[in-house]
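Shared chain: subunit A. Partners: subunit B in the first complex, subunit C in the second.
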Partner chain A sequence: MAAEQKQKVTQKKLAPHVYQALEDVVGKRWISEKRSLVETYSKLSIEGMTFVRKHRKDDTAVPACVVLPGTTGEVQSIVKVCNRYSVPFIPFTNGQVFSATTNDQPTLIIHLSRMNSIINIDTDNMVATLQAYVDYAQLQAEAMKHGLWNGGTPLATTVCKLSSQFSFAGLWQTDLKYGLLNRNLVSVKMVLPDGKILTVGSRCLPKAGDFWEYGPGPDLLGMQRGGAGSNGIVTEITVKLHPWAGDTTLPEVPHGRPSLEDVHEPKYDSPPPPANHRLHWIEFKDFSSQIKTMRDISHSGIAIGLNATGVYSAYYCSQTQEMTWERCKNKFFPDYNCYVIIAGITSAKQIDYEEKVLQKIVERNGGTFLTADHKPEVLEALKPWNLDCIRHTCGFRMNRKMYANAWLPTGPFEVGRQTQEFWSDALNAFGECDITDRGGADDTPFLYALQRGRFSFAEVDNYPDPTNPEEIQKAAGYGIYGMARLVKEKVCPCLMAFLSVEPFTTMFPEVGPNQHTLFQKIRRVFDPKGVNAPGRQVYTREEWENVPPMLKQWVNKMREMVGLESVQ
Partner chain B sequence: MSLKKDLTNLLGSNAVFDDEETLRHYSRDQSFVPQCMPDAVAFPESVEQIQAIVAYANQTAVPLVPYSSGLNMHGGTVPKEGGVILNMSRMNRIIEVDQDNWFAVVEPGVTIRQLQNALEEKGLRAMLPLGTPPARSALTSCVERDPALASASFEYGNDLLMDTEIVLPDGELFKTGLWSAGGRPGSHMGPVRSMLYRFWTAAQGTLGILTKACIKVEHLPGMMEIRAFRFNSFNESLAALIDIQRREIGLECFLLNKLNLAALYCDDWHVPEEFPASPVASQDFSTLLDALPCWTLFVCLHGAPELPEEKIAYQAETLDEIAGHHGLNSVPLNGKQELLQHELLRPWGVLKKYNFKGAVHDLSFKAPLKRIPEFQHIIARVAEKYAYPIEEIGGYILPVERGRGAHCEFDFHAGPDGAAGHERIHALWREAGELLVDEGAFFDRPYGDWADMMYSRTGEYTAKLRELKIELDPNNILNPGHLCF
Partner chain C sequence: MTVNKSGKKVFEKELEDYRDQVWGCARCNWCQNQWGWSVKSAEFSEICPAFHEYRFFPYSGMGKMHIARALIEGDFDYADAPELAEFIYTCTTCGACEMNCQRMQDKEPLKVNEALRARFVRDGVGPMPEHKNLINSVKSYDNPWMQPRTQRDRWAKKLPVKDIGKEPAETLFFVGCTTALDASMSQVARDTASILLKAGVDLGTLGKKELCCGSPIARVGDRETFIELALRNRELLNNTGVKEIVTSCPGCYRAVKHDYPEVPGAAALNFKVYHTVEYIDRLIADGKLTLSREIPLKATWHDPCHLGRHCGIYDAPRNILKAIPGITFVEKERNRDQSWCCGGGGGARTAFLDFAQRTAEKLIDEARRTTGAEAIVTCCPFCEQNIGDVLQRTGDGMKLYNLIALVSQSIA
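Let's turn to the complex of A and B:
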């Protein structure tokens, strides 16, 4: 690493006439190629590979220029300029994942932060139309005024933008009832990589309105989501809303709001649940009874959310990192637990009924509720979830160090058990970066019940120090090993956040099988010039040949480790 | 070599037919889609045979028309350019019913009756659409986005398709969902974020041949209670309907107008085996038509697996509250509860409507609830122009996802092709369709003439579909001429 540290990083620049053409679109104020500014876009918050590139002083990580359009029309003009001069571009919102440069060409970042308005909340048809930079908190606050809500917020943070989650994630704490964001999409308006505008769903027919998500005929919405942001730029998104049983605003914490001096006092982290909502915590003697109970609850039809939180509680509910470590060390939270969110949408009697059913199921399976009589101190410590189960505000605590990897295998609840086994193997092979890495090995992994428990997501993560290249390198091992191991075991490796996810289909052609060849065909249709985040979703043959040998070596090493043949 | 010989070489004997009578059977259905003779009918029995036929079609440019039950009723499997009907009815295994995770894996030849019977034995049920023949393919019904009766429920009625297995137009076998990782099924989500499976929905077999699918199933309720309310117009029901949906009461919730309800209740009629059917005169039907209200709203309360009576009780209490608030008129269902409960699980009794005149030509589209009266007005206006009696228009309205929109079906009844007045009904149906599309009625499953109406108005969407079709099916072998291809 020492020789690399002396290496000078030189920022690549756009040709002056390209810069001028872009400036003509947005004006001087909204374009910049200043090093101090563009550097911001070279390190993403949870994509480990961008940290590796930074530590390696890889100059391809630094974009050439950033531009901030204010309208769909401006996005369209920018994309046309990029097409004309073959400039790769990357759409950018929060910069968590999928926003890094993808090749060694001078790259333009199209930052969508000026497009941050809620265009419409249609209370009749229960949909909301948003510009690209609108976040979950904004949407929830507005929708709740109308007795509606979008059904949840992502665990990471409420400031995630729905438009970027369209391209990638959208996992919520209320997935049991409402599914992921992908189940809650109505339409998008996109600037395609060639500068044309595509709308999908009923809004593509004049006068039809924006209420229906499919067609006409074969559905393009799912394919666009599959593009991982490389089949165009979402400038407007319409999402479903649902009846909201709570008040028009979420309740305040009884102790008021903290000052900078006492911000870490737990009393500020004790919100009550929203009106007409209840949160119940249950602990179990082992993983089997937890899984059995979660399946029974899912099948009973009660509740809007059901999740096992695992090590996340140590982050979400601890006001300092020291508390997080202490609680992990001392096993403060029960090893096997889950929470259940109950809402009275039909009437207050719905809550009574659902609590009665819950009681029955928990008793039957030998679970124990956390109450004033049973572990009251744990129940008290878990209070941040009263708000976070509806609107996440504590997710940022996961990033105190770095929330580097996310293994998120999908499948029936039993996938949690497989995740536990494979993650334990990874810990044995690579060693831990942080004590919290052990979450999911010694206790329950995070387990999200989806769509009435038909399937679930398990989650385990690494928490390396981002300033420590060795720890980052170690975490990278987990990321690639995880992919290889899950593919080998035929378990679905949905969302692996160390690598940019989709191109892995080239490295793991077992998936699909040959999913990458289908993606290549689709890419040819949407991005014939290969300018929109080229290689983000799938590599062309040429791009694959130019992938850094280091990455290929890592992948093949891990493939070999789990007994898969190398890819070339 | 002849086509039949080539196909026989691929499939073996007794799997390929090209006699005139067989070809004629496949050349049309009960819709207005013009008759067109295929050149052969082939019955594959395995994925490998399908792949072999697709390879053959690509070499010889012979069109293939994927066909499961042929009960699409809208011309989806009527050839446009001849070719080979790929009849999948011999692939009719229910491969698995997973009682822990509530899904079923079916081949394309599995019928909805077969599936429902098998599931009921295990205490489960499939969510099925109203008015679909019992012999319709369960897989195709799901893939073609037939709206399930439980669509009012966001959780239970929609998005029923999970994993899919498909032979792509180039012959490659491809899987989505958990299957794409090579393991067990059980989720529409796979190792990549893509929801590619949605691309083959409502595609009428133009983009691939589904060889199996994993479908969500639900708990079979041990207890149900159906409530009904009468209205003089759909508009009159609207405020109460919206309140009922916003409070998430009931699983199934739908409205039938008196023609459809009279057909369902009619004791003289049976569900036809063939479509179009032979008309059957019925005094019972006429009496019912006179007695029934213009529209009836049905709300179906289901007991859950745990404490079913208590679940029904709290929902019924809120329903009563809403009914009182809106001054709704309840319809006593004495003697009809059982019939209606049966219809929820085997929803083909309403097909008795084919006994009225023989053929039914519906206008099926999606619309926001509040716009439905406007669309009804258009239909009534065109019917009047063509002197079609308003009282002979069938009506079915199904709120979707708690009233985010609605599936609407308005039927014109006609004699079979060649019968007197057939052309007039065709002209009426077409003109009403055009005017509806002009005003924004969204025909999301554009069969037959609706395809041109929709795709000529949806610009870039249409263009991208065509480009994708060319990229994926460069020889245009799969059901050419349908949709915008």
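Let's turn to the complex of A and C:
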């Protein structure tokens, strides 16, 4: 076997008595420390540093053991074992976005894949309670049978678990009307890092039911959400439901279903919108008129979703990597655009009315609708969005290489302009990794209107070659430069929790200021033994001392590049 | 960083040829789940039988990508991970992971797993011991069931089918090992031939000279044996002078139509390849077959993976079912490209019978609960064996039909 010539990566193991204690909790079938099995939990999706660690043959990237609990009680017992023996643990669902990474101690992965049931849909009170592994597609499918839905799916696809997205507050494509996931929570049940169970919201009062996320007393839910998974393991989550205007299932693509022989034919990606929903695409001559129109639409009260995709549609709506590159190069999609999702929630007349309002706003601001007469080929190519706006599937099409990192600045609509400027500077400073990196720099960044336009979310991403560690590091450089620049310019650098993840929490003390000191106190309260997703949100002094000096130097270099002082 | 761009054919690609793909796995988990637009319920939202059963990532397409990456880079070897074969061979090769991953990221987790299997065989750590009997049988008897060659045309007794070695015919019926040699399946061969003859097809067979198509061998990773078989078959079939070949088994269909062109160094096929369902669908559409006898039955269609997801034949069997008087056709929740595998393919049934049968139980459960059907209809001998065994063992009242049998009954 040729691989035998290469350097192996040795797996650290749990002590046999620890393994046995865990096996006693879940049974033999649901625990494993097999070498090839733990490997599949070792490299994360868009966590560039785990790629670098894998290229360096760093054995700290490999977990020691994986355990699959089936109930909150089992999660609690596992966590207690971890506390008893000081075993660090990482809760895990897909491992797609920003799961915590392993460290130099033998680390346990608590994979929640068995906890995949919808516990209850309360149609009277319009809430649903889910186990941790339930994803958006499952919830939507069940809620739609009752004329309800949860209000949106995340950019990162419908297989994202709500309990995971809770860790980052959660972005949806229909935030214009429904707000982020964090505005749609009613309750969570968590196993805290010390093994206690925390239930927040009105359900923490016996028989009170699920109706109010804040009460009683101090807002412990707010303290946990967006916590990057550092303060416990969510085992149940209760979310709000909203009226659904469509049918009980989503419509079929009229051209049928693909096979492996023709899966890349665009015709299979051309669904109609759901019943009683319409999608309108508008292009603009410049960024200013785009922003002005988006603000006007937001303020008018019409529509459930409003987003600008810019050149990102080249990734979302292309069926092959070549097509993506071609469309980026040739600017097939309009530089300045947005789409509007209109739903007839109350009646069909609602759609007619809102379309009239939309027409007037667009006309006033000089926008042009994409129609059968105006750029029909572009409108046709954008059809994947017809269902993606409701149940997002295509987001990670951009990820055919590697989705190394992203900037997600938030703020008023003008944040899009700043994102564009800073991203261009970053690419000019470091050089692009891929033609698609220019998306968001030369053209419109991703720009989502949130909560009636009170704020917006911009996004730019980059795509290095995952087999090339130098490119990955370069791409990581954009990300750190971006954070430094956004902090320097006092632009809110994160929608979710980007600056609440180490080493950035500590290395950007301007945020807060000194938010890391608050997080350290919170961690000491909730995680006295420092075992939960260790060092995820904030390092202890000891953990900080173990951070490779090179990483600190690297962040400091970026700070200096943008005119911030080094952090010692 | 895209698929199929190396210039190599599938059966000459080494695991290392997939290096860029396996490093780039985004852990999006579409390999385990139905395509998002198609999800109709929480319960039936998953699509990978092995992950659904075992719940650990190595059983999923994504897990195979990560294992492949580690093996390519030498992070561990077989001695460190004796469990590897179980992860690699519980896959039913249903292709659901590949379908959704190609659609999402232009990557090929199934082909990666097949490259893993090929490497295991090359290095002597695969296939599973149970597969070796099957391979040895093909080598000795030209079929995987250890049946003498003389038995291969026994099904055709008293049927006026031409022996293509003795007299020319326009259409060759490629019967397939299981249909020809398994006594419980051979009625399908007789029905198929009778139907085609009735429609006026100039039909012949290879008789005792028919060889295994090699599909089961390819799926478990023995490339050397498969390539040898493919080359023999291509020469044999090209020399028949037929214009078209009709196969009864979806595995044969996929092998002849799509795998043989991916074998390096062989001549092109000089005939067209059809599966019986698409051929019969065309005969009905052309008015050469009339289905007139009523069969009162509420029935659902199970898409065999090698026919549907792999080759795109979704509509033909549905058209036929709908054309049979008396049949009420009802669609399972997961269907076509998102159909739930029966568990019988890829060598999973041979090596992991319990898992394969639990997968079939889930299929039967879905069929009953999402359609209210009284019968599952399919047209793959492997699906029939696996589903049929479960129905027999459990005493389940659900009926199971081969579509050809229903067509045969319905012909006036």
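Note that in this section the second predicted complex is superposed on the first by the 547 of 568 C-alpha atoms of A that agree within 3 Å, B and C clash if a C-alpha of one lies under 4 Å from a C-alpha of the other, contacts with A are read in each partner's own complex, and residues count from 1 in each chain.
As a convention for this text, contacts are C-beta pairs under 8 Å (C-beta built on N, C-alpha and C of every residue); 3 or more make two chains touch, one makes a residue touch a chain.
No experiment lies behind these values; they were computed from the predicted model shown.
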{"item": "Superposition on subunit A - do subunit B and subunit C clash or fit", "value": "fit"}
{"item": "Which of subunit B and subunit C A:Ile435 touches, first, second, both or neither", "value": "neither"}
{"item": "Partner chain in contact with A:Lys43 - subunit B first, subunit C second, else both or neither", "value": "second"}
{"item": "Partner chain in contact with A:Lys196 - subunit B first, subunit C second, else both or neither", "value": "first"}
{"item": "Partner chain(s) touched by A:Val562 [first = subunit B, second = subunit C, both, neither]", "value": "neither"}
{"item": "Touching partner for A:Trp212 - first (subunit B), second (subunit C), both, neither", "value": "first"}
{"item": "Touched partner set for A:Lys490, first subunit B, second subunit C, both or neither", "value": "first"}
{"item": "Which of subunit B and subunit C A:Asp124 touches, first, second, both or neither", "value": "first"}
{"item": "Smallest distance from any CA atom of subunit C to any CA atom of subunit B, in Å, after fitting", "value": "22"}
{"item": "On subunit A, the residue positions that both subunit B and subunit C contact, one per complex", "value": "none"}
{"item": "Of all residues in subunit A, those that touch subunit B in their complex", "value": "124-127, 147, 167-169, 177-180, 182-183, 192, 196-200, 202, 204-209, 211-212, 214-223, 225-228, 240, 242-243, 295, 299-302, 345-347, 349-350, 352-353, 356-357, 360-361, 410-412, 450-455, 486-487, 489-495, 501-502, 504-505, 508, 510-515, 517-519, 521-522, 524-526"}
{"item": "Of all residues in subunit A, those that touch subunit C in their complex", "value": "1-9, 11, 30, 32, 34-37, 39-46, 51, 54, 57, 66, 68, 94-96, 111, 113-114, 116-118, 134-135, 137-142, 153, 157-159, 249-250, 253, 256-264, 268, 271, 319-322, 387, 391-394, 396-397, 399-403, 465-467"}
{"item": "Contact set on subunit B toward subunit A in their complex", "value": "100-103, 145, 154-156, 159, 162, 168, 172-175, 178, 180-184, 186-187, 189-204, 206-207, 216, 219, 246-249, 304-307, 310-311, 314-315, 317-318, 366, 368-371, 401-405, 437-446, 451, 454-455, 457-461, 464-465, 467-468, 471-472, 483-484"}
{"item": "Subunit C - residues contacting subunit A, complex", "value": "1-2, 19-20, 23-30, 32-42, 45, 55-58, 62-63, 66-67, 69-78, 80-81, 83-84, 87, 95, 98-99, 102-107, 123, 258, 308-315, 336-338"}
